[in-house]
Amino acid sequence: MPTPTDDVMRTADGTPLKISLQRALVRSRLRALLLVLPLLAFVLVFFLFPIGHMLFRSVDNRIVGSVLPRTAVAIQDWDPDRAKLPDEAVFEALVRDIQAAFKDRTLGRVGRRLNYEKPGMSSLFRKSGRGAARITGAPYRDRMIAIDKRWGDSSTWRLIHRESGALTSAYFLAAADLKLSERGAIVRQPEPRRIYLTLFYRTLWMSGLITVLCLLLGYPVSYLLATLPLRISNLLMILVLLPFWTSLLVRTTAWIALLQTEGVLNDIMVFAGLLSEDGRLQMIHNKFGTVVAMVHILLPFMILPLYSVMKTIPPSLMRAARSLGATPFTAFVRVYMPNTVAGVGAGCIMVFILSIGYYITPALVGGRTGTFISNFIALHVGETLNWGLAAALGALLLGLVLALYLIYDRIVGVDNMKLG
Amino acid sequence: MKRVWSSLAMVAALALAAGSAQAQNLNVVSWGGAYTASQQQAYHDPYMAANPGVKIVNHDLGSGALAKLRAEVESGKVTLDLIDMTAADAIIACDEGLVEPIEPDTWLAAAPDGTPASKDFFAGTLTVGGTNCFIPQIVYSTTFGYRTDAFKGKQPSSLLDVFDLKAFPGKRALEKRPNNNMEWALIADGVPAKDVYKMLSTDEGVARAFAKLDTIKDQVIWWTKGAQPPQLLADGEVVIASAYNGRLFSAIVEKKQPIAIVWDWQAFDLDGWVVPKGGKNLAAVKKYVRFATDTQRLADQAKYISYGPARHSSAGLVGKHAKLGVDMKPHMPTSPENSKTVLISDYVWWADHQAELNDKFNAWLAK
Amino acid sequence: MVETKPRIVRFDRVQKSYDGETLVIKDLNLDIEAGEFLTMLGPSGSGKTTCLMMLAGFEPATYGEIYLNDQPINHVAPHRRSIGMVFQNYALFPHMTVAENLAFPLQVRKVPKPDIRVKVERILDMVRLSGFESRQPAQLSGGQQQRVAVARALVFEPALVLMDEPLGALDKNLREEMQYEIKRIHDNLGITVIYVTHDQSEALTMSSRIAVFNDGVIQQLATPSVLYEEPENAFVAQFIGENNRLRGKVASVDGDYCEVVLRDGATVRALKVNVSGKGASTCLSLRPERVAIEPNGQAEENVLNGRVEELIYLGDHIRARLTVAGEDEFIVKVPNAPRHASLSEGTWIQLAWAAEDCRALDASGKEAAPA
């Protein structure tokens, strides 16, 4: 038999072993790929693509360039650092653009877009649309300034100049309570308009508080669930899962009925003499109410991973610890708890991420001090239709969650997480 | 086997026949609840009775309609045929180019006396905010309800009383948005109504409005959904609440709650139709809109809900409530008795300042 | 019995019930001497593990008192009992290294750190695992985990160590190796070990005494040889070692012996151990290795014929299943030696045994011979 001289391992017919192995594996890999293909496609189409699309909106700035194409080109030659107004050619381009946009009914979009940066732009374009329709010839500059004197203000032109590019940082800046000054420097929003950093901060620390409370409340329950006889623990498990079978709105409304000043809890405390009729406590429409309702709603997400981990801890571990001389407390802290870290991590991550993105409950019971950043994302998606800002807020939130996830990975290790 | 095939063929034939005779569906978006019910009874049912080929399908999207509309128009797959929106939302939709422009006198029916629609609808309502996409149906108002059992002796009767915690102690409920609240604060602080928007255009004016709101801030529960304030009043959680007048009517007249209305400086607002751009059934929609916004239909709607029809010619036709038999005229926000002092929102001003004031208002709330 | 060594554990009329309806332990009285290797042997559900758990403090006795060094311990918490324990699945702490596992009992006893290191080193050396200090339990083989578990139960130098089926999860070779290991440690340290198992060969090789449990009752408490040679009842005879049963009735009693009539009418002379007297049903117990095949005229008291039903070749010997006196589960072992003629299935052969090797025991429970 002719044996090849190199020391590569070969199969009986002389093909290198590695290649044969590859061939043998290709089939099974293909089959595995086919099995996950539907999910992959689903994730791609319904998850990654929309998220990517959403994230792109946070920098997308094609409105000015597409609605005012001539102006966007013409103004590139203008030097925004000098106080002088753009020359007649730019005004002519503007008039032509506005006339075309007025006809296409796209002028409102550019007005709304620029209004995010400078209040008043919306009405400026609305007014100019009707006015410019009647302009038939030069002098364009004087006629535009006659329609509205803001066209004679170089700050209007600086704004158009700045926002005529295809991408913008304005939404992200706004999401961080920053803005570009007229001269293009990043500055903080004036104090009365600063809102989002406060909200991010509030969302984070309240979500943290909710997570901690869920852990404190959920840990003993999970322990009971995992250690009680099956018959009783099954019943308890049904009680834990019961909230899942009721609508979120119903549960939130139930908390309102319980916690409001004329609600059940206050009534009981007044009846028991713990409170005076005038001293009823405000427990809803504030942070307290939000925390209570959200802890209730998110508790199962803490209990289930904890339970699934605790279930796998053999009871003999605790017995071993006690037989070795540890008090029940020491045994619990040094032996039981470290073995639940995976569940604690999974539960905390789950509750924290869910609560960071929650908005129905804070909207209903949050009042003035208990609303979350997601309420503002909802506001900008649904009501103000400022999707760029909503996308920027969402992207920051996503980045924040990813950052926390990485920190978690560093500290606990994602491999140690056990979701169920 | 042959019989199976022939029966299958018959089923297919029947399905085809049914398809060709199938009613044309019009997807109409509205707010749900009592409001959609009033539209169903006043507009949809009579229209479908007269046009057996048309089926009107209600979709309750509420304030989510605007986002849904934008998503549909951007993706080019418009399934909605007609949307009920507030004027403020309609202005956004119109500015964003999401809805069709309206030609009032060709689209809409004239009044019975021949007055063209452009003259019969309340002045400026068809061109609200400088747009031309909005067909108003009703005038509603955000006004104040109070619990009649909360105060001994004198009862609240004016906007000033809302801000007067000494004479009328107790919690208030206000809508969690700057609109109306800022204007009310300035009016209550003594600013003449005509100067309110000029004032709000300055930082000092905004600060002044917040300063006035600060005087009651601790006592305010902020609501976000129209159903909340009547419930808060009914539960005794608050003693005075701003609310949509239709919701207050329902609480007072239908549910017999101990609540009364203060009409002083009620804030008028408009609600009406917009037609999504690129809808598939434009002709059918136009035909329906012509019917649903004629003088009689708008007057009929007031039989079911206490919102004022947006046409002059409908006012005289408003009668009694269809079920309760109550005369609806005194419950209309537009009745002369109720509309002595009225706050009319400056939509153009708000279009300029909404984003800015949203931020400032929420920053103020968070403080 | 002359007590020379001090008593370390005493069960005094202990009863245990989990559900309030049935007793898992029925009136247990047991004294355990210091330095003993006592095995609790029995089928699952016989109550042996329950005994261990009561001694360790994880289950309270329903009635009666348990003494440790003559002190009642019913109300002493487990961690104050200072009893080492090795669990069935080792119960090593998965989040700690080997060294940390071993240090744990010392740390909770507030042993100074340098001492801990010395003790951990010494005990690892004893179980031959030096160098494995920083491994995680999951990185160890079953046998190594087992050694760590034993080391952990010993490292704080308890006088008494309980082992609950510690070798159950190991394969046969490893199990035998560990049996010697544990035995060696026991002998070297002079500790008392109470060992629970359902494996009779394990019990026989390791124990100084064996308590055979069944049905919540100690059936017999004796040294391995006595247990094997002189079972006191049919259960013990059957449970320990291989056993042939012949059922019948006592025809007559003659001092320590009795005549028993078997099912087919044959009469057998047997040692009277556990029968009430003439007429009682009995079950004769006879170890297979005590049966002689084709005695060739040697004077034996009992000679019966048996038909060969099945032969199983086992290398050093051949197992033959016979029908004898109507019982078709009669086993004899034929050494694979030149002087033994080969048997063939279906043939009849002659069997013989001494009366003293054949013990007349109770006709246990459901298997009692038909009247």
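Note that the chains take the letters A, B and C in the order they are written out, and that residue 1 is the start of every chain.
The criterion applied here is as follows: a contact is a pair of C-beta atoms (placed from the backbone, for glycine too) under 8 Å apart; a residue touches a chain by one contact, two chains touch by 3 or more.
Computed from a prediction, not measured in an experiment: that's the story for all the values here.
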| item | value |
| --- | --- |
| Farthest chain relative to chain C (centres taken as mean CA coordinates) | B |
| Core chain by centroid distance, with centroids computed from Cα atoms only | A |
| Distance from the mean Cα position of chain B to that of chain A, given in whole angstrom | 31 |
| Centroid spacing, where centroids are CA-atom means, of chain A and chain C in whole angstrom | 65 |
| Euclidean distance of C-alpha centroids - chain B vs chain C, Å | 87 |
| Contacts with 2+ other chains: residues of chain C | none |
| Complex contacts: residues of chain B adjacent to chain A | 63-64, 66-67, 70, 89, 92, 94-97, 101, 129-131, 171, 176, 203, 206-207, 220-222, 224-225, 235-237, 348-349, 351-356, 358-360, 362-366 |
| Residues of chain A that touch chain C when the two form their complex | 314, 316-317, 319-328, 330-331, 334-335, 338-339, 341 |
| Footprint of chain B on chain A - complex, ascending | 104-106, 108-109, 111-112, 115-116, 119-123, 126-127, 130, 189, 192-195, 198-199, 202, 257, 260-263, 285, 363-364, 367-369, 376, 379, 381-387 |
| Touching residues on chain C, where the partner in the complex is chain A | 56-58, 77-79, 81-85, 87-89, 91-95, 104-105, 108-109, 152-153, 156, 162 |
